[in-house]
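Shared between the two complexes below is subunit A, which has subunit B as its partner in the first and subunit C in the second.
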Partner chain A sequence: MIAAVVTRAADRVASARKWLIAGGIVFVGCIPLLTSSAYIQNVMILTFLMCVLGLGWNIMSGYTGYISLGHSAFIGIGAYTAGILAERWQVSPFLVAPLGGVAAALVAFLLGLTTRRTRGPAFVIVSFALLELLGLLARNLSSLTGGSQGLAMPLPDWDLTFYNWPFYYSLLALVLLSLWMTRAIRRSKFGLGLVAIRDDEDKAAGIGVLTPVYKSLAFMSSAVLVGVAGAVYGYYVSYLSVSTMFDIVLSMQVVLAVLIGGRGTFWGPVLGAFIVVPLTELTNTTIGGLDAGAFRLLMFGGLLLLVTMLLPRGILPTAGAWLTKLKAGDTGRTGARLVESGLPTVPPSLRDESAAVGGDVLRVEDVVMRFGGVLAIDQASFSVPRGSITALIGPNGAGKTTLFNAIDGTYTPAAGDIVLEGKSLARADRTRRAFRGIGRTYQLPRLFNSLTVLENVAAVNSSFSVRRLAASAVSGEEAARATELLEFVGLGDYLDVKATDMSYGQKKLVELAQVLMLDPAVILLDEPAAGINPTLLRRLADLIRALNESGRTFVIVEHDMQFVLALADRATVLARGQVLMSGAPDVVSRHPKVMEAYLGDDFVLEKTMGGATT
Partner chain B sequence: MKRNIRSPFRGTRGGAAVAVVSLLVLSAGCGLSGSDPSDGDGPIVIGMSLPLSGPVADRAKPGMEGYQYWVDELNSNGGLLGREVELKVLDDGFDQQTAISDYTRLISEDKVDLVLGTFSSDLNVAVAPVAERFGYAYVQPSGGADEIFERDLEYLFFAQPATTQKLPDRFVELLSTMPEAERPETVGLVQLDDPNTTQAAKLFSDQLAELGIETVYDVTYSPDTSNFDAIASDIKQSDPDLVINGAIAVDGMSLIRSMQKVGFSPPMLYQMNAPTDPTYAETIGEANTEGIFTYLAWSPEAAYPTNDGFVSGYTEEYGAAPSEDAANSYTAGQVLAEAVDSVGSLDQEAIKDWLHANSVETIVGPLNWDETGRPQGDMLLGQFQDGEIKIVGPDSAATTDEVIYAKPEWQ
Partner chain C sequence: MTLLVQTLILGLLIGGIYALMSSGFTLVFGVMKIINLAHAAMIVLAAFFTWWVWDLTGIDPLLLGVVATPVMYGFGWVLYKTVIARVHRADHELAMVASFAVAIAASGVMSLVWGTELRAATPSYFNTSLEIGSIVVPHAQLYACGGAVALLLGLYVLLRRTFIGRAIKACAENRDSAELVGINVERTMAQMFAIGAATTGFGGAALSVIYQFFPESHFVWIGRILCVVILGGLGSLAGAALGAAVLGVGETITAIYIDTQWATTVPYILIIAILVLRPQGLLGERMRADGAHA
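Up next is the complex of A and B:
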């Protein structure tokens, strides 16, 4: 009953919101009819341009996390492409504007390639350099672009009354198109992957997000409409000069606009554009005289300072947080005690086992890893039999995690080979290894902090397909599977909780569910028992055992010997980068060399069960 | 089991609302402004947007003072059409888009009675079409690059004696009158990357080639070049008889200092713009100015009526002699005032038609225009002689018969 009321209220808010948006669009669409002032239309045109630029920037820098300080480069490319083609073919620049978008997307694709090597601050510099470089190119290819003389576009010849209309409505259409595209992206599995890349790119690569493809697509969609808008804008200005089209100030303004509105939010860029552009106009036209420039610099500098200090997340997220706080009442369940209960049925593996050959799923063959002069792994070899739980033990610094990193493709071994299902993984990168069947967890769980628990699991891909990119982010078959797996690990009540709000132990369970979603041939667990409470530890042991019984193969790195040796049916001991020995747990644990190197003389393996006996 | 959950991107529920509300506020705010001062006996408002901040601020300031001096003088003589005149000046920060916005606002929102032009080819090329679109007569004080006039605008008028297209004429003519044996055989071209200077360099190169003078060095440097040592030593390597430097201001002086440093003194040196800068002689050394050629759109010495009064009046008001930029603004003002006075109203079309049909007496001599707004006058050719720029051509305006053909070595 109460729930129904709440739902109805939520429906009302949603429909009010819908009407408000529709009303806003209609109103903006009517402005040229309401006022004949070319100036107001001019301000709106510039605002629309900033909206398109901001929405594009938001896809690359807001969602994907690659901060661009040179986004106006795409305006320049679009404008020059359309300008040159319109002149060559003697057609209206409007006709060739889409080609400006195509050119911008191509350049964005090339920019995307640089992200294989550059991230974070390095990428900021690359994006800035791109703007400068393209500006330089436009300046020097004077036979094509007119160089410093600029390129004159034809002057529009339609009536003054309707003069701005084509520019106004085509840019408005581009704003709506950008919004639609942003909405489509953020609702798709593709968008989920982009946020995963922003939060933790290496981890994303490890759970089957084909990061180069995702980034290329994101960069291209971030640039394509900006390129078209640039072409329209160039025609509006009617004259292309390098300093206006490859404008560094505009590149900075768009960053300011999106930061004010809210980076990574849907309406943030629009709100920011509607604040920054009119404000710029206001200061340009009201502050006159010889010191106007200095005043304006002070104002915008001050504004940027205020935003970074008071609203580091932007207006929308901050306002959203206040609203949530006002509503309050909703206490989290994250601290709730884990109830000991029987395990649900194990979700069966959906893996196609036809490729399975031989008894060993995974073989590590003479792997050597060097870091400078340090020999971290020294010709290590061991194999993981199908359906086994193999413990990988050894003292700290023995090279266990390093070996995991060599297996999953984080590191490239200096020598040796990793063989999965009889085939070498040497030439497969991380994502392809995930597709082939390597799944792992981390010593410190790595989740995507801005995603919910369910999204964290739904973001996993066990193969790549274009159709899947467009698939809805968290509904349908895959969401059902993710939900099933989360219920299995005991987190069925936490689907909509943000990953950051989960406890340390719960994060480990989410990560386990992620690996199960990937459904790999072999599951690598890196210290699953470290730092979690005894109840959870018993639960974990039960889960692993149940999963193993359903046919899944595990390799576990662990220091809790009671836990791991009770679970394992094989153990490999690593010391100083070398495999000391492999064999059955009780044999290994009693071997003098192992006792000496690692376990100590007084170690006695208890045969009860994994976990501390309290 | 189907389940839809919260998207990670979701900002806030109120996001759309905030955006739309701010939009409404904005539009309402815009609608409130915009009174209409064009009628009645109030002052005549003349709008303009100048690059008062940004890279060319130093040159826009005297430009604005030239306008201001013109208005003060006009008002003390009874104003225009019997009405007081006032200026509405905006700052575009040397940004094309801002300049376009500013003029659009001045015309369509502030509804100014008249406009006057801004500075530089870069800005005028973008602004002139705006004035054209609204049908406002647009007299620009600077911006001689030819592409501005190639667009066949009807309302555009350039208030200098000639465009860049005619900039080389007097100097090339001078060279052609030299005995062939003394004429330079090679030329080195060094110019700033700017529509005006690069175009002039191209014209020089072509026209000198017709005289048989070969271009042995040609380089365009970017506006942020501050050290010219490398360029100077390259010029020294190619050792031209004549160096033509398409400078804007300080860059020209830096180039000379670098040439002094590497020990290269061209037998003939022609520089654009820099020599008319008030600090020129002091910077390169007064003795070193001897024999350097430059073009002048205006000279304080020129004996045109009103010129003398402008120079002395301006000097009195601002405590320094007017720069060429100030003179250019003043000229633009003269042109507009003359047209309005003759037409007897603020009818833009009539003003435009009048300017196309008549000639205006200004401080740079009589000005008249072809149908594209190109002035039909002539640039002056100047040369430093005894520390002063003397006019050596055309003969009608010359202040001296002497021409120094061989520039002395640097001192």
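Up next is the complex of A and C:
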């Protein structure tokens, strides 16, 4: 009963949504016409600034997952750029405001360079360092910025009755522009890639998301409109001082605003800004005196603390989860059974390579891997013939997964080379190896948990192009291909299920579909059979066989000998980082050296001793 | 030449103090993989505590560092139990945001309690120095650095030679396995965080004697600490000692040979440069875990 009411109400809200949004924008746009109160206009202007800042922060820290504690730096950059140029060129700051955005984007690009080799915690540090450094630079380079004296902006030359209007409407326009940009990003393949980076950056790199480019673009789009808004804001306050333009407290407030509204949601930053800024202004007017600053720090610090502890997901996601719970009913299809069928037909979108003959697809040549003092791979060499299923076996700790990591570019070998289709991969990073034709699954499947099954597969890129970035995330040709591949692996009914809700075995199949999306020359499977039920295992064997018949080459690391040796036509044995031998599976598996490697040399000894005593 | 030697000595003395200040931070990072942005606020808190008791009683501020140590241990324990552990369990990145919030709120509280003026403890030796030839070694720096180095050695022994030290190491390596072999992980983590906080006791005392400070100066100090640990490689105690020496010398050289106002930019420039050029730190080696996290 309640569920039905809620559902109906929710549906009505959803259909009224467009009108609500349009009405809201018109209302906000009319405020200066309705009231001439400078106070209200000021609160609105600061709220717009916070919206732009929050929407920008949300792209970098919400969608891409790089938490910035120095985002207000872009306001300062925009403001100072416009202020300095307006003075030099004797033009209106409005005219040079876009250049403030360009400057902010450039700095964001440089900031992105630090994320090439570092992740989460290090980025928090560098974002803070950037803000502090820019503040100090603005203070020290006084001939340019006025130093601690500050920089005065030109005085507005329009009628004082409409004093706030240009600031009001240009910032409102920037809010709308930020919203539009966020929506465009979220609906594009680019946005899908950003969420993939947030969920698992290494995995994203392995499925053809060119992470440095994605991150640079994300950081720049996260900063550019903030820079423009900073320029407008600087003109509005008419006087640039280092402490207000590079303000760590403002950086904290934007984190607070977006966390309250909902990190990684579309409206979250706007909702948060409309809560935090009016609250700030309210306390500004009610708390006065010497301790006002201290009270503000205490209040906002305390508020941020409470939000992280009590409302970590923010208002919108929490409310959304509530609604879904009330609605109930549709529980999805996670419980459905796999139907066993005959040998699956390989979808036509995959290249048929059964005609190609001869030669090695992949060669591992004298690869050496060291970790500190440990020699993990010691001059390993083996080759993978075209169209083969090569089993890579060996006891635990032999270096099988490490070798996979060296092949797919996760690790850089200390010596040796990986050769794909006759060409060295030494200079190709992980993503380029994916483009060149190396597809790999993981021992523990790694999916992007906040994406659906279809999105997980659609996020894969087999090459890079700017046009593809702008392509719609889950429609069009690529989504059709992803759907086809998911149907091929038997998950056609699960397209819209969140990856987290899939079972362990199903995740392995999704991962296989991701790899197939790359249409790779060689597929590396890391323990595909581990921990999945017999039905699924047979399904997997069928899939591998079908793909192999269409010419696909496999390398499989596996401990389930029955499974892998039945499939494989070649086996390579690895022990203590060295290749013991390669050959036909039945020959290799019976070889004394291999038995010894698996069971230890005392195995034989104990057996004879046991025989002697009885 | 004398100027250079003088610069190096001053830089290394400051470096010793930076090393102690950063040790607790890097310990917490090594175990929990979080940036504790409240660490410098704790140092400033300890500095206020020291200054306040010194102002009331006249007891030597560096000796008060010995009292501040257990006080900060307690503060750290409470902070861990009430905030850090809870948020860390839910979302480990948010724990960094929470520590940032604590730092901001704490500076508000300190302003309310002690005001926003510049403070400094000035014991009898605060502007006297030891003179060896033409080299001048300020007493305050010398004593503070001596104390800091002694405490660092103590911390090293604690982490290497005692059960709690080994338990902390076990938790850093693998919490689940530590739990399985009978280590009370939650208690060990709380102790670890509290030990990290305890290092701010003497760190703050040293700060109160050598520098002027006010509530919001924790931003400057977190910058220096972040620089030290980035230089040394996040999570490495030995690296922090090296990083501290490099930063101390770097700042002093900049202040003496270029300009004091540029010395403040040194930590931030080093942070950005290191993260672009050599993110594993000066000593760090890339390990297996860097490439793949499952």
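In this section, the second predicted complex is superposed on the first by the 556 of 614 C-alpha atoms of A that agree within 3 Å, B and C clash if a C-alpha of one lies under 4 Å from a C-alpha of the other, contacts with A are read in each partner's own complex, and residues count from 1 in each chain.
What we mean here is this: a contact is a pair of C-beta atoms (placed from the backbone, for glycine too) under 8 Å apart; a residue touches a chain by one contact, two chains touch by 3 or more.
In this text, all values refer to a predicted model and were calculated from it rather than measured experimentally.
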Query raised in the report: Given the touch rule stated above, what does A:Ala294 touch, subunit B (first), subunit C (second), both, or neither?
Result: both
Query raised in the report: What is the contact status of A:Asn284 with respect to subunit B (first) and subunit C (second): first, second, both, or neither?
Result: first
Requested in this report: Have a look at where A:Leu444 lands relative to subunit B and subunit C in the superposition and call it first, second, both or neither.
Outcome: second
**Report entry** subunit B versus subunit C as contact partner of A:Gly476, first or second or both or neither
**Finding:** first
Report task. Considering only the touch criterion stated at the top, classify A:Ser243 as touching first (subunit B), second (subunit C), both, or neither. Result -> first
Query raised in the report: Which touches a greater number of subunit A residues, subunit B or subunit C?
Result: B
Requested in this report: Could you tell me if A:Pro317 is touching subunit B, subunit C, both of them or neither one (first, second, both, neither)?
Outcome: first
**Report entry** subunit B versus subunit C as contact partner of A:Phe128, first or second or both or neither
**Finding:** second
Requested in this report: Have a look at where A:Phe371 lands relative to subunit B and subunit C in the superposition and call it first, second, both or neither.
Outcome: second
Report task. For subunit A, give the residues common to its interface with subunit B and its interface with subunit C. Result -> 139, 249, 293-294, 296
Query raised in the report: Across the complex, what residues on subunit A touch subunit B?
Result: 13, 17, 20-21, 23-24, 27-28, 31, 35, 37-40, 42-43, 46, 63, 139, 146-150, 152, 155, 160, 163, 186-187, 191-192, 195, 237-239, 241, 243-244, 247, 249, 262, 264-268, 270-271, 274-275, 278, 281, 284-285, 287-290, 292-294, 296, 315-317, 319-320, 323, 450-452, 454-455, 473-476, 479-480, 483-484, 495-496
Report summary line: Seen from subunit B, its contact residues with subunit A in the complex are 1-20, 22-24, 26-27, 29-31, 34, 52-54, 57, 61, 64, 88-93, 95-98, 100-102, 104-105, 107-109, 122, 125-126, 129, 132-135, 145, 147, 150-151, 193-195, 198-199, 220
Requested in this report: Using the touch definition up top, name the residues of subunit C that touch subunit A in the complex.
Outcome: 29, 33-35, 37, 83, 86-87, 90-91, 93-98, 100-109, 111-112, 116, 215, 219, 222-223, 226-227, 230, 234, 261-262, 264-265, 267-269, 271-272, 275-276, 279, 285, 287-288, 291-294
Report task. Give every residue of subunit A touching subunit C within the complex, in rising order. Result -> 65, 67, 69, 113-114, 116-118, 120-122, 124-126, 128-130, 132-133, 136-137, 139-140, 202, 248-249, 252, 255, 259, 291, 293-305, 308-309, 312, 371-372, 376, 402, 405, 410-411, 442-444, 446
